[in-house]
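Once you scroll down, you'll see the structures, which are given as structure tokens.
Look for subunit A in each of the two complexes below; its partner is subunit B in the first and subunit C in the second.
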Partner chain A sequence: MLNIEKFSNGSELTMALTGRLDTTTSPDLERDLRDSIDGITELTIDMGGLDYISSAGLRVLLSAQKIMNKQGAMKVVNVNAVIMQIFNVTGFSQILDIQ
Partner chain B sequence: MKIIRGIKIGGLQQKIFNLILIFILAVVGAYAAVSYYQQKSLFGIAEEASSEQQEAITDVSQSTMQAVLEASLTKSTALQAYIANDLFSDVRTDVLTLQAFASELYEHADSFSAHDYYEPDPAKDGTASVQMQHEEGVDPASSGQLGLVANMSEIMLAMFESSDKLNSCFVATADGCILFVDDRSASYVSEDGEVYPFEVRERPWYLQAEEAGELIFTGIELDAFTGIPGLVCAAPVYSNGELVAVVGADIFLTSVSDYVSSTATEGGFVCVVGDDGKVLFSPQESGIFKAELSSEAQDLRESGNEALAAFVTQALKERTALTLIEVDGNEYFMTGAPLGTLGWTVISVVDKAVAYQPTQEMLSQYESINGSAMDTYRQNAGRSNRMVIVITLILVALAFIGALTVSGRIVKPVEHMTRKINAIEGSSQVFEMEDIYRTDDEIEILAESFSSLSKRTRDYITEITRITAEKERIGTELALATRIQLDMLPNIFPAFPDRPEFDIYASMDPAKEVGGDFYDFFLIDETHLGIVIADVSGKGVPAALFMMVSKILMQNSAMTGVSPAQVLQTVNGQICSNNREEMFVTVWFGILDTATGTVTAANAGHEYPAVQQSGGQFELLRDKHGLVIGAMEGIRYNEYELTLTPGSRLFLYTDGVPEATDAQGNMFGTERMLAALNNDTGASPEKVLKNVRDAIDDYVKDAEQFDDITMVCVEYIGTDKKG
Partner chain C sequence: MGTFELTDKATLENLEIVNAFLEEHLGEAGCPFKDQMQIVVVAEEIYVNIAHYAYFPETGMFTLKLEIREDPCEAELTFIDSGMPFNPLEMEDPDITLPAEERDVGGLGILMMKKMMDSISYENTDGHNILKVIKKFRKASLDGWF
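Here is the complex of A and B:
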């Protein structure tokens, strides 16, 4: 139950997530990222429609962050309070560029 | 389906068989019907033609015959009449000559001397001679006329000899004597030499001539001496107004009837009818046309046969056309022609049956020809019919065999296929393509489909078997792994029965067989209890493996006696050095000083612990968080201290607790968790865990557990009780 919308503009890529990013749906996002991240210098993860993120989701974000650390920058936008709390609890707020 | 002689009744073979059989039977039936109809109509045409021909022949033949008959019969009748007329007119002429001669004699009686006359002399029998007879009681010598009329002897003799028709000719005197010429002298003389008397003036011809006063022909009379029926032509002779003699000629009926008879052909004859309507001459020996003595003869006009009467009446006057008259139940064609001289008529009679005989013959001949033709035709038709029946039977037999063969050929591969498919057992056998299925039609396609399906099914079954075996193996291994994992966690409670200053209870319920959560507690030294709760990212075997590594690393590091922050830093470094899978683990690690109740802890991205100070409520401790372990190298962690007064409790949990989700997707949340904790503030650690678990179960109800649920509760009891 995860919907991923991608908006590409040259080396800029925005992925808008809707639904739940959990054990079941994380592989979808991971695959999508792997397929489209080449040559991207600015990756934006839009979490406006995201209700929940599990540790599996966090792992995908971490992977993306690590890749983008090498080839550009990544930011996470429109994070709601529940997910922000998770980011805080897990310390991810320390390594993600959350706007 | 019943099976009779290898054919399945109601099966495909029988259906195809039926179809072919019906089709061929229909064709054969049509053939037979057309043949039968053709023959029937041909026969009808032949018969009709035959009967039409017959009618035509009858019509044409009969009308032709009638025309021929009319032409020939009228003509011949006229000729007969002419000839008869000629015959009688000769006699008439002779008699008239005699009458004239006699009249002359009497006129000039004085000029003639008496001529000799003689009585019949038997010696002259066979030779024509003049003879004299007289009535009984009459004396010829005293007759004054006999010598006179004897002068006619020579002329009568000459007349008799020159005519082959005259039986005799004569002159009879009024005084009862007669002179006559014939060659039958012996007939008139008895054996003792006496000449028979002859009643001259009683003879019919005498009386009739006397009465008529002119020439007459008598009816048929018997000859006075010979008894032979005959006809007499007689004429009276007058002298001075007195009848003095009667002259005449005698025609034996035989001589006329010989002639008449000669006209008689088969089925036809000529007869002469007198002016009195009586038959005078006829070759008929019976019936209405038989010539009878005048005394017995019947007037044809009074026979009661009106058609005949009308015909005879007409025939006596004029020539008639051919007329068909029924007489005595028989039909006759008749023509009549009158004899001018005598007022008689000649009637030619031809039996209709005989007239039409040629027609009948022609018809019978035609019929026989036609009959034999029809017989031949019938025979041929019969042969043809038998042929049609035989051909039909052969065709039906062929159709039967053909239908059987064709349907068999179609059905055989299907039956073979069915047997082969039914014979397949287990996964090792497959449906093999065989030559019998190479029919170049749907059966071949079906067989190929079966073959391919069979192979795929076998492969699939093999694969499924393999996968199932694999799964079972994995399942077994996972179950084993789960047990190993659980065994690795301290799970014997009470864990430290000889340590009354604290009580600890922990539980882990993995969502899958093996989970990524773990807890751990161990005594680092006599007074320091290390407590770990951790949650590995992801689930399943990878998480379990990562968890094992993490647990061992954590304990190893903790056992070195360094501070919690240092432990986390060390472990993070160790994990990050070899973490290509980018897995991470959240860890809360604390060290409880069992002597003081002080807890030194560091948090690597783990949930906030809940703390209940003695007598108070559980509250979340929003401690300082570091990043999860394994995410980044070189992370520094902060640590903090908290002091548990005796009776205080520390509740640690993984995200499986607040994130437990009901069927509608709503999370249990920390609020409900705290409520569950605070519902029973005096509960033992074991009871605390049970309370929370019950609350979760009550909330999610039947919804599936997505995440591992791991909880640890430590109650610090304190050392003062010892003392």
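Here is the complex of A and C:
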């Protein structure tokens, strides 16, 4: 289960995730990002309600980061201890701006 | 603390069944949320790999055995399939120091398994891939989290 809430303000977009970003739900985020990211210069992924992320979710974050590197900036906020460990062991803590 | 077993078709749709099976028994055993989530993530990586590749392009069966022991507390997960022989421990680790533009996510699931579990073993016996992972944990305190 993944719930995605979007808050936008001009070229700023926040996507707040609740649930799990796994093999089953990652395509939902990928689709939502693809539909929303045009013209966005500041993207925030709020993981406050997220239990965990698997490699399928990492793949979506990586492609969002690559797009945002070209058109602006992306940050990831409210990361729990489980997800932070996953970012650390996969080296994602080096390529994401985690606040 | 108990031994539990799940056998079903190895399809992506059944990932939810795998998750529910693990969370039910790990929760009952007092496994803390953080350890449960680490086990569930690693189980997803192993399971999805079986569902995607083991029997490709066909579909086959899998068995997941879960043994939970006490003193010290640990969960042992054994994934068994009869698909193409595949030893994930032989895969080379991805370079996790590359910048985003040069990154690929291939191999990250296996890396997570290696780094987040306490022990991993693989054998191929009688045409079965048998992958075993063990995670030690401390029983959850009364608040049920950490």
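Everything that follows uses one rule, which is that the second predicted complex is superposed on the first by the 99 of 99 C-alpha atoms of A that agree within 3 Å, B and C clash if a C-alpha of one lies under 4 Å from a C-alpha of the other, contacts with A are read in each partner's own complex, and residues count from 1 in each chain.
Everything that follows uses one rule, which is that a residue touches a chain if its C-beta (ideal position, glycine included) is under 8 Å from a C-beta of that chain, and two chains touch if they have at least 3 such contacts.
What you see is a predicted model; the values in this text were computed from it and never measured.
Asker: Just subunit B (first), just subunit C (second), both, or neither: which does A:Lys6 touch?
Answerer: Once the two structures are laid over each other on A, A:Lys6 reaches no partner at all.
Asker: Check the contacts made with subunit A and report whether subunit B or subunit C touches more of its residues.
Answerer: It is C that touches the greater number of subunit A residues.
Asker: If we overlay the two complexes on their shared chain A, which of subunit B and subunit C does A:Ala81 touch? Say first, second, both or neither.
Answerer: Once the two structures are laid over each other on A, A:Ala81 reaches subunit C alone.
Asker: Answer with first, second, both or neither: which of subunit B and subunit C does A:Arg34 touch in the superposed model?
Answerer: In the superposed model, A:Arg34 contacts neither subunit B nor subunit C.
Asker: Thinking of the overlay built on chain A, is A:Lys66 touched by subunit B (first), by subunit C (second), by both, or by neither?
Answerer: In the superposition, A:Lys66 contacts both subunit B and subunit C.
Asker: Using the superposition described at the top, list the residues of subunit A that contact subunit B and also contact subunit C.
Answerer: Residues 22-23, 52, 54-56, 58-59, 62, 66, 89-91, 94-95 of subunit A touch both subunit B and subunit C.
Asker: Please name which positions on subunit A make contact with subunit B in the complex.
Answerer: Touching subunit B: residues 22-23, 52, 54-56, 58-59, 62-63, 66, 88-92, 94-95 of subunit A.
Asker: Would you mind writing out the residues of subunit B in touch with subunit A in their complex?
Answerer: Per the touch definition, subunit B meets subunit A at residues 516, 535-539, 582-584, 586, 604-608, 625-628, 631-632, 655, 659, 667, 706-707.
Asker: Which residues, counting only subunit A, touch subunit C once they are in their complex?
Answerer: Checking each residue of subunit A against subunit C gives 22-24, 51-56, 58-59, 62, 65-66, 69, 81-82, 85-86, 89-91, 94-95.
Asker: For the complex, which residues does subunit C have touching subunit A?
Answerer: Interface residues on the subunit C side: 12, 15-16, 33-34, 37-38, 40-41, 44-45, 48, 96-101, 103, 105, 108-109, 111-112, 115-116.
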